[in-house]
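These notes open a run of structures that come right after.
Okay, so subunit A shows up in both of these, paired with subunit B first and subunit C after.
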Partner chain A sequence: MRRKLKIYLPFTSNELKRQLSYKGAFYLFMLISLFGSFISYYLWMAIYGNSESGVLGGFSKNEMIIYVFMVYVTSSIVTVSIADWISDDVVMGTVSMNLIKPMDYRISLIFRALGSMLYRFLAPGVFIWIGIEVYKVKVLGMDFPNILSILLFILSCIMSFLIYVLFDFCFGMISFFTTHIFGMLLVKEALLSFLTGQLIPISFFPESLQHVFDYLPFSSMVYTPVMIYLGKYTGETLCYMLLRQCIWVIILYLLGSLIWRKVTKRLIVLGG
Partner chain B sequence: MIQVSHISKEFISPKKYPGLRGAIKGLFSNEKVKKMAVDDISFHINKGEIVGYIGSNGAGKSTTIKMMTGILTPTNGECIVNGVNPSKYRKENAQNIGVVFGQRTQLWWDLPLSESFSILKEIYNVSDEDYKNRMNFLNEVLDLEEFFHRPVRTLSLGQRMRGDLGAALLHNPKVLYLDEPTIGLDLVVKDKIRKAIKTINDNYETTIILTTHDIDDIEELCSRIIVIDEGKKIYDGSLKELKEKYGSKRKIRMEVKHSKELASFSTAEKLNCSSNDCLTEYDADNHLLTISFDKHKIETPQVISSVMEFTDVFDVQIQETELSEIVKQIYNHEVSEELV
Partner chain C sequence: MEQKNTTFKRYFKLYRLLIGQFLKAIMQSKVDFFMGLFGFFFSQVMGIAFLYLVFQQIPTLDGWTFDQLIFIYGFAQIPRGIDHLLTDNIWMIAWRIVIKGEFDRYMLRPMNLFFQVIAEKLQPDALGELLVGSILIILSISKGIVIIDIWHVVLFLISIIAGALIYTSIKLFFASFAFWIKISGPFLQVAYDMAEFAKYPTEIYTKIIRFLITWVIPFAFVAYLPASYFLKADVSATVIGIECIIAILFWCISYAFFNKGTSIYESSGN
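Up next is the complex of A and B:
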């Protein structure tokens, strides 16, 4: 185990260093998505302003404010798109460079993604989170969350990260068949912003759709940790949600192994 | 050390049609084209051998290497490298081998070379002591020190290639695959790389398989060569043998005193042999007479004296057929049938 960490940890630190050298692009990207969060914030404010009841889809106005920004923080940390990297590796033919080393391609990608996640957590994530907390306590007059729910939130986030990355690995495998997946990456982004609850809380969807979502991994990616943080899940529901995340980690891990085994059988390396 | 038996690789790709109409047609057609990149190749390589693996572009060299490294799975047949089947046990195999793909790098692009080496040290589980010894040795043969702390992206091609070779050797692999290691390098760096390969082979008995288009690489390094063409093995044997068998042509170039009759001069006629064995060409502008002949059938002094009888000779140059000529002939399918 220690030896494994020693092999793959350099990928994490490498990615951290790399991210630091391209920070301009990164901040611009963050600014754009933060901008998006403010749009949805004002949209929700308008909706609440015109609604008779103070509670929509189980969210009060204040909870919705926290939801919008916590979703932003969570998704910016958790959604590290490794399918991009796989696609690059396939297009440039560098995937073979990973295969000649005695290491697991997927684990090296996950550790690389971990570097990206840590960077995003440190760079804007944690500061925005603190900002939200200050706003929440000072302006909205709500209570500071207890330590337990913060810890549960972080635990849930780690599993979300694993679910997202393992899912994205399976998704990235498509590039072995089609080479370019740029278009599909856009489709993925759009679909996920719906299915993970980034755009609208999942409780706003019709009952029947919510049942379908229960059997998909997407709500476990962003929605679950944010709901845990908001204290919407308690007792049995909380355990059930964490367990569901756990199960998705296992299922997607196994699925990824299976696809990888199939893919390497018919692998074609481009360019010489 | 390496046992390759009846290995084949077939690539299937969708059929493409020419032009815009073809592109639209391609959207609806489901036709597939099969291409045998490697077709039933077998060979055996002993420990400590340096084998040159040559063939024209697209002959299937790299594909074979990729199957031996475990990147690609063969469609048929199998290979065993150091007792391990690479396509089944890729990671175990990877621990035993070093690979350099001349057109790519296995180094981390954004990091200093030194960082890449320390990552590789962990990946291959090299002990601190071995690492130190190895680095000393690699510094000696490859002069890594001068650019060891610079990011890989700022290195020149020659430096990068030396770095790549060093990276492939860090864990003291038993087998080293070099896929065009001297591509695009200048003569000085080429020489350095060749010397390094030679030293490594001498010191550690590393088995080396080398693909290249540079004939000098082969002449300097390889005792044995395997030639493949269109996925089929067409020659496997020593370099000397190939030269003896197919390098029988000798060429003499003479600068002579110009005379009009030289245009119709034929050495073959003079020596009473067929023009197949002896071909005379005269370049009237430069006063150069070139005679190509089979050295097993005609002796060189005979040729020269026959010309000297006819006209004054100022300068004589004798050229043996070089390996590059033979290889060129093989690529052009001129000798392949004889070889098979």
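Up next is the complex of A and C:
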């Protein structure tokens, strides 16, 4: 175990260092993605202003404010797009180097993503989170969440991270078959922002669609941790949601291994 | 007069030649082209699906119906698409051309510099924007919510051209910073993405943001404000007039700034 960590931890620290060296651009990009949150914020304020009932899709106005910004914090931490790296590796041919080294390509990617995740958590994530908390208590007059729900939120985020990264690994395998992954990445971004609840809470979707989503991994990526944070899941539902995340981690891990085995077989044929 | 005419002819011919070369390059990667187009198209559809879900909850948003917002959304895409199609190479000034010293080659040719920059590339991804925009506008017209008479049609055409010019001016202005700071891409990106705010009625924002997107980085004049003229009979045509004035004003400022930048350009070695 310790030997393993010694092999893979440098991927994490390298990624952290790499991110730190491009701070300026990074903050500007974060600012841009915050635009989106502010647009949603004002849009939702107008929507609640125009609605006769104070509760929409199970959210009160104040809860929606927290939702909009916590979704931003959560997704900026969780959604580390490793498919981009895989596609780079394949296009540049460096993936063959990764294959001949005595290590697991996927694990190395996950550790690299971990570096990215840690950086995003430390850099803007945690500060915006504190900002939200201060706003929540001072302006909205709501209570601090208790320690337990914060811990559960973090636990859920870690699983979300694994689900996202493992899913993205499977997705990135497309780049072994076609070099035209750019358009696919656009489609993925658009689809995920919708299905993970980043654009709009999943409770706004028609019932029938929500049932379909129950069998897909996407709501476990961002929606579940934020709902846990908001205290929307309690008791049995909470356990069920965490269990579902666990199961998705396992399923996507196995699926990834399966696809990887098929893909590398194909590569051997081509290389021979 | 004769002189001017031949200059124009010469530039027109050159543009055709340069774009012809570029189109040949595009044809080699058709799959890329269609994937990009599809990806873009799809992300727009998601934006509309979002609006649709929201309007399941409320009848109108500050007096605007779902159909009207769809028109604004679609209308916003047209000037954006035109600018994206024709002047996409401006981005490269911000990110690459200046810092790599590639601007040298423009300086060496006896042609207008701005012309050379935009003539180098057509961006076919923009067809996604134009396609989504056109579909939504046609849909809106078929629903009968758009005012159609000769004035509105003429002003519609003027408005999208002025809108595209506003986009180009904003891009050129922020890209020109690269002549001083070498890479201005991130700033350009921030400014460009402000356009996202203008997809919705600006009344929903607080005063500062409204002021910012109306008068400082005037994307409201590209999308929401002119679109409202085509939707509501009580909106006066002066809004299109102001749009044109802003377009010309911003263009003059940006172009002067770009010229100033090229005059102090120093090659980083190529």
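The rule is short, and it goes like this: the second predicted complex is superposed on the first by the 266 of 272 C-alpha atoms of A that agree within 3 Å, B and C clash if a C-alpha of one lies under 4 Å from a C-alpha of the other, contacts with A are read in each partner's own complex, and residues count from 1 in each chain.
Throughout what follows, a residue touches a chain if its C-beta (ideal position, glycine included) is under 8 Å from a C-beta of that chain, and two chains touch if they have at least 3 such contacts.
It should be emphasised that the depicted structure is a prediction, and the values quoted were computed from it without experimental measurement.
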item	value
Which of subunit B and subunit C A:31 touches, first, second, both or neither	second
Partner chain(s) touched by A:186 [first = subunit B, second = subunit C, both, neither]	second
Subunit B versus subunit C as contact partner of A:1, first or second or both or neither	neither
Partner chain(s) touched by A:264 [first = subunit B, second = subunit C, both, neither]	first
Touching partner for A:103 - first (subunit B), second (subunit C), both, neither	first
Touched partner set for A:14, first subunit B, second subunit C, both or neither	first
Subunit A residues touched - subunit C or subunit B, whichever exceeds	C
Subunit B-facing residues of subunit A, complex	3, 6-7, 9-11, 14, 17-18, 21, 93-94, 96-97, 99-104, 264-269, 271-272
Residues of subunit B that touch subunit A when the two form their complex	11, 62, 66, 69-73, 90-92, 94-95, 97, 99, 101, 103-106, 108, 110-111, 115, 118-120, 122-125, 179
Sites on subunit C touched by subunit A in the complex	29, 31-32, 34-40, 42-43, 45-46, 49-50, 53-54, 56-62, 185-187, 189-190, 193-194, 196-197, 200, 203-206, 209
Parts of subunit A lying in touch with subunit C, wherever the complex brings them together	24-25, 28-29, 31-32, 35-36, 38-39, 42-43, 45-47, 49-51, 56-57, 178, 180, 182-187, 189-191, 193-194, 199-200, 204-205
